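First comes the structure, then the notes that go with it.
Here the chain labels run A, B, C, D, E and F in written order, and each chain numbers its own residues starting at 1.
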Amino acid sequence: MPRILVINPNTTVAVTDLVAEWARALAGSGVEIVPVTGRFGARYITSRATAAIAAHAALDALAEHVAGCDAVFLACFGDPGLLALKELSPVPVIGMAEASCHLACLLGRRFSIVTGGERWRPMLEEFVAELGLSGRLAGIRAVAPTGGEIARDPDAALALLAEQCSACATADGTDIVVLGGAGLAGLAERIAPSVPIPVLCSVEAGLRATLAAAHLQAGKARLGSAAPAVAAVETVGLSEALAQSLLAGGIAPP
Amino acid sequence: MPRILVINPNTTVAVTDLVAEWARALAGSGVEIVPVTGRFGARYITSRATAAIAAHAALDALAEHVAGCDAVFLACFGDPGLLALKELSPVPVIGMAEASCHLACLLGRRFSIVTGGERWRPMLEEFVAELGLSGRLAGIRAVAPTGGEIARDPDAALALLAEQCSACATADGTDIVVLGGAGLAGLAERIAPSVPIPVLCSVEAGLRATLAAAHLQAGKARLGSAAPAVAAVETVGLSEALAQSLLAGGIAPP
Amino acid sequence: MPRILVINPNTTVAVTDLVAEWARALAGSGVEIVPVTGRFGARYITSRATAAIAAHAALDALAEHVAGCDAVFLACFGDPGLLALKELSPVPVIGMAEASCHLACLLGRRFSIVTGGERWRPMLEEFVAELGLSGRLAGIRAVAPTGGEIARDPDAALALLAEQCSACATADGTDIVVLGGAGLAGLAERIAPSVPIPVLCSVEAGLRATLAAAHLQAGKARLGSAAPAVAAVETVGLSEALAQSLLAGGIAPP
Amino acid sequence: MPRILVINPNTTVAVTDLVAEWARALAGSGVEIVPVTGRFGARYITSRATAAIAAHAALDALAEHVAGCDAVFLACFGDPGLLALKELSPVPVIGMAEASCHLACLLGRRFSIVTGGERWRPMLEEFVAELGLSGRLAGIRAVAPTGGEIARDPDAALALLAEQCSACATADGTDIVVLGGAGLAGLAERIAPSVPIPVLCSVEAGLRATLAAAHLQAGKARLGSAAPAVAAVETVGLSEALAQSLLAGGIAPP
Amino acid sequence: MPRILVINPNTTVAVTDLVAEWARALAGSGVEIVPVTGRFGARYITSRATAAIAAHAALDALAEHVAGCDAVFLACFGDPGLLALKELSPVPVIGMAEASCHLACLLGRRFSIVTGGERWRPMLEEFVAELGLSGRLAGIRAVAPTGGEIARDPDAALALLAEQCSACATADGTDIVVLGGAGLAGLAERIAPSVPIPVLCSVEAGLRATLAAAHLQAGKARLGSAAPAVAAVETVGLSEALAQSLLAGGIAPP
Amino acid sequence: MPRILVINPNTTVAVTDLVAEWARALAGSGVEIVPVTGRFGARYITSRATAAIAAHAALDALAEHVAGCDAVFLACFGDPGLLALKELSPVPVIGMAEASCHLACLLGRRFSIVTGGERWRPMLEEFVAELGLSGRLAGIRAVAPTGGEIARDPDAALALLAEQCSACATADGTDIVVLGGAGLAGLAERIAPSVPIPVLCSVEAGLRATLAAAHLQAGKARLGSAAPAVAAVETVGLSEALAQSLLAGGIAPP
């Protein structure tokens, strides 16, 4: 039975619980979901600074909890620390935003993103550029309430989110829209009926991609930039698990 | 139980059977695989001209067989007619090459492709560019035997393919290599032990992505360039099913 | 006396006749125009699916009629099957859209396209990207009537086309506009007086470029991706001429 | 009878004569060729500094000689002052390098350039990038002798040029090679037999494109960045014709 | 004490004086400013043609005046002849526009440009593309009065410039705006209070970058495309200093 | 007197001291250098994981020490946390690598990077892409010893570094090479004599750019993505200074 480590790199347990609940419902009984919440950092990630801290928190969580897992789902739309996690992890790490973008590309020629928190728009534009997918992106629309605020009161945000998703189709000419954010889990299916193009839930996209990655059993590169770092790196002031992982030049495969 | 239409757009039934066998083994008993072979065109696709004809043959097969299916797997690495199929189809169509490239991007920062048939190298470079993924591509290595020839005698090609996959890592600096081609189904796991980076089987990648798409139930766009064409288009000389589909401006959803 | 094969890959003889008439008028008495109409497919090409079928029909026409010709003019704006035709043909093949775009680049820093049929906008955006000319493109404006409808009643469309051409200048900041479509032959000179920038007729641009290609006598590559495919490819269900051409790995030069 | 102004922006009359001779042979008796040589600057253009001066010299020649001409052929491979000439000129100006690159794109998927003078390689890479055609360029090979030196003793350079043209095919994977340089007029047909891909003469390509532009009669934009500058610009120290042209905000159309 | 040659490549001494005054104020007493005005060309540069002539004038000024200087500041926003000057000069040459763009990139993620003279917008878009910085550019806004006109009556333009700078922030989403133009020296600090993002004075940016370059003492390349041209180039009709520099294949380092 | 905060985001005081010493020597007596070392993380940054942790450490240092400073110099070549620091900081933050790349672009058409630690090559390729400068980059050569190892025994690395810098010129065709790394401070001038192109010291480039930024006094954006985040963000487990800064939505300007 595959075990999926779900890392919520912010420090709000309620968001971790929300994602874990949806992940368990989608994955079914044949998959074990292991959720973990960041030990330090912001309650919800809304800026570059809080995302940078979350990258450290995600590495901290990975080092502590990845043993025995078959794949890792980084459950924050924006994927803080994604490449560092892939480097350190002995099993595949799939980010919520990267999975959503790549799956959206399989389902439409051009995709859009709707998310919560206005600071995310430039950050996600850069993220999509790093994926190499800027040419497929029709646009990003970020509503004012953050994902954390939407998670606390989803009903209040539904109309606004549906309006922005529809505008992606009517004004931006996109084929499919990603509704991005851990805190927005489950809202895609509620707004889909009023949107003339498909609406992709980022939590479901991330989970489906992580399961596919677990099935593919692609293994860890033994060479190149995706291979574990081989040199011992001494550190100070980190958690014991993370310090050990870095000292060992990576975490041993299961 | 999801039904997956597997279109082999060349005219060799043995290749269809090979892909169907692997698809059934990977998908398990909870998925129905509906394989279909192109009615006209080349025995194996090895050039731009044969790929162009295969696009027509794939549309022909879709119109005849898609009714009652939940998703379509276009099982030719190079995805002839991909966007036309997506336009006409009432359910998601996933190409073997696009799925392999997008999943490879989730598993490595840079990916390479190894395939059979030297004419495919420039064709696949252009295909990857159309996906928007040129920036993620480390290189394409095409061995001289075509996929059709490899399918007929896989043992003869194993060493050559393994050598090229290893060269992707040692000479091109890639993180993961896609072993592309319907006729190469099942060879990835045989050569993986001798290659220092993960080797992705394009048949498995295509199938996993198609299953994910079937699960996501993203639906068909009612607006935009991915929506069915609405105007009646009269045709001459086509199969009745394809003529009817075009006359109706698309195929009705299930 | 150079002979130019003019392939209309749709199945409407009236459009073939219209293009042939203009081609003869422009080329003068020193050039022989050999027009041919697609044997199967849509009456007018308005979507990705009909374009994919037209690519096959164009190959079918080429194999049957290219013998004795010095160059081929693919007379559909969007150039279905262009690269496959270039691969198979023993003489240069020039597409109406590629010729228009490249000549427009010689006449202005940024160019726009106005054409008929709304589905063509994303298709042409991708086509221009494949040419590598996206950076020169100021925009594409597609009016609702298709090229086929405009060909049947050009007077009804003149004002709309002129308005869109002018908008390319005033709103999109372009230097020159291509009026694209076989069915729009001859309309450029009628609307030019009311447009503040040059209006390029795609039929004339295509013909001028084809004549230039015929004069240049550049010959067929004997090496590389533009050389004929050398391997025999068996096929089923194709016209005898096309089947023979593929079996021979290309068509012998004149 | 169309009149074509051929501007050689360097100061070597022998090169002007060579280009004019070829132009007359290619254009036939129905076209009048009006050659002009730069009044100041380098004997042959071999660097950025000499190219910058040649841009001024070309403007100077245009202002003095364009009256009564239907199109202008800027006969230096590298096209010094191209956009400035297009801005100032009342009739189309076609550069030898831009014409060669665009026509090469119609005749092959990827093109290469072989030219004389090592300083031209980075300059032409930037020029091709400005055209937006970097994605179509397979490479540039510049031999040590400059175009001026090759013009003085073409036989001595033939073997070297043929070797580089062949290397474009065998090592760089290109489809067609442009033999670039006014001083190399006529050498393409001499080396073509020993090169496995087509070799395009830049003088012929430039002339064919200029004739096509003259035929198209696209006219001068009355709006936008290609329109004449409308404001009076006072100058000092320029030739009377150029000063008058700038003071008038452009040269009046014929 | 570093000596900075400030080249104003237009022919208006008042603009040279304005730039020199600001340069001296900013650089302080430890730097010697050597201003020089173009000997020929337009009073103010407002078009491609006048910019092309200014490139020659700048080379002419360099050859005459660079001896004994440690760095060169090309004080025209648009940097006519920039790469040619860098090639010929024995010491670093820094253009006002390139310096402004690169420093703006250090101070904001995306930058905009506001300048005088409507013809500059497409010219600067191309210039930024040549720098490779198009991805960082949020937009260019060119007001109708030219830089020369603004220099003669700055008070009349202040409100218009401030309005456009603010629009860069509110409408274009930029982080920092460059106020570009030698004639606009000193206006940035006057309009900054009314603009919600930083306003960078191009004269100050250019000077700061030139001083940094003088300090870095990076030296002249002895190899590659930035090295002096080594071959003797004969010329006609140029100033003696420029002719000598070209004949010597570059100007000897101090 | 300007005060420059120099943040070394690794945890090796000796590297901080080395950078501070060079910074003081270069800046002269009119500038106060305030060096600070990361409180936690790796001894030297050699991988994506250690860089991600360093981003947090740099934010931690900024929050604690920026008060009273005029600009910040992030003294690690690779600039961990750069955009997050710019977001949070009330004064300009300049990264060592971004400064080096932008100044190199002012001094050469194409630049290369030589640095220590093989994992840095792909990381820096991505960093340069994020700057938008990939088109200016000729290549990156990373020697096996890390910057930390080179700092401990620079004499042992000199020959290797000089060899790689020379290869940038002779094999990669670059115009200027950046010798990157805090631990390599001062080595550029030692190897420059044996390298045929300019060698730029990243510590000096970073310092010169930081001083220029301090002089420009561009101020903090009050709008857009570079403005401080305005919403209060609660955090757990961070240093008091950093927690306070995030709770306040940024650090107040001096």
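What we mean here is this: a residue touches a chain if its C-beta (ideal position, glycine included) is under 8 Å from a C-beta of that chain, and two chains touch if they have at least 3 such contacts.
Predicted model, so just to flag it, every value in this text is computed and none were measured.
**Q** Fitting on CA atoms only, what is the rotation between the copies chain B and chain D? Please report it in degrees, nearest 5.
**A** Here the rotation carrying chain B onto chain D measures out at 120 degrees.
**Q** Would you kindly say which chain has the C-alpha centre located farthest from the C-alpha centre of chain B?
**A** The most distant chain relative to chain B turns out to be E.
**Q** Counting in whole Å, what is the centre-to-centre distance of chain E and chain F, each centre being its mean C-alpha position?
**A** Computed value for the inter-centroid distance: 27 Å.
**Q** If you average the CA atoms of chain A and of chain C, how many Å lie between those two points?
**A** One centre to the other, that is 45 Å.
**Q** If you average the CA atoms of chain C and of chain F, how many Å lie between those two points?
**A** 53
**Q** Please set out, as single numbers or ranges, the residues of chain B touching at least two other chains.
**A** Each of 83, 86, 109, 122, 129, 135, 173, 225 in chain B touches at least two other chains.
**Q** Applying the document's contact rule, which stretches of chain E touch chain D when the two form their complex?
**A** Counting only chain E, the residues touching chain D are 11, 39-44, 46-53, 55-56, 59, 81, 83-88, 119, 121-122, 126, 129-130, 146, 225, 229, 231, 233-238, 242, 245-246.
**Q** Per the contact definition, I'd like the list of chain F residues that touch chain E in the complex.
**A** 26, 83, 86, 92, 94, 98-99, 102-103, 105-110, 131-136, 169-170, 173-176, 192, 196-200, 204-205, 208-209, 211-213, 215-216, 218-226
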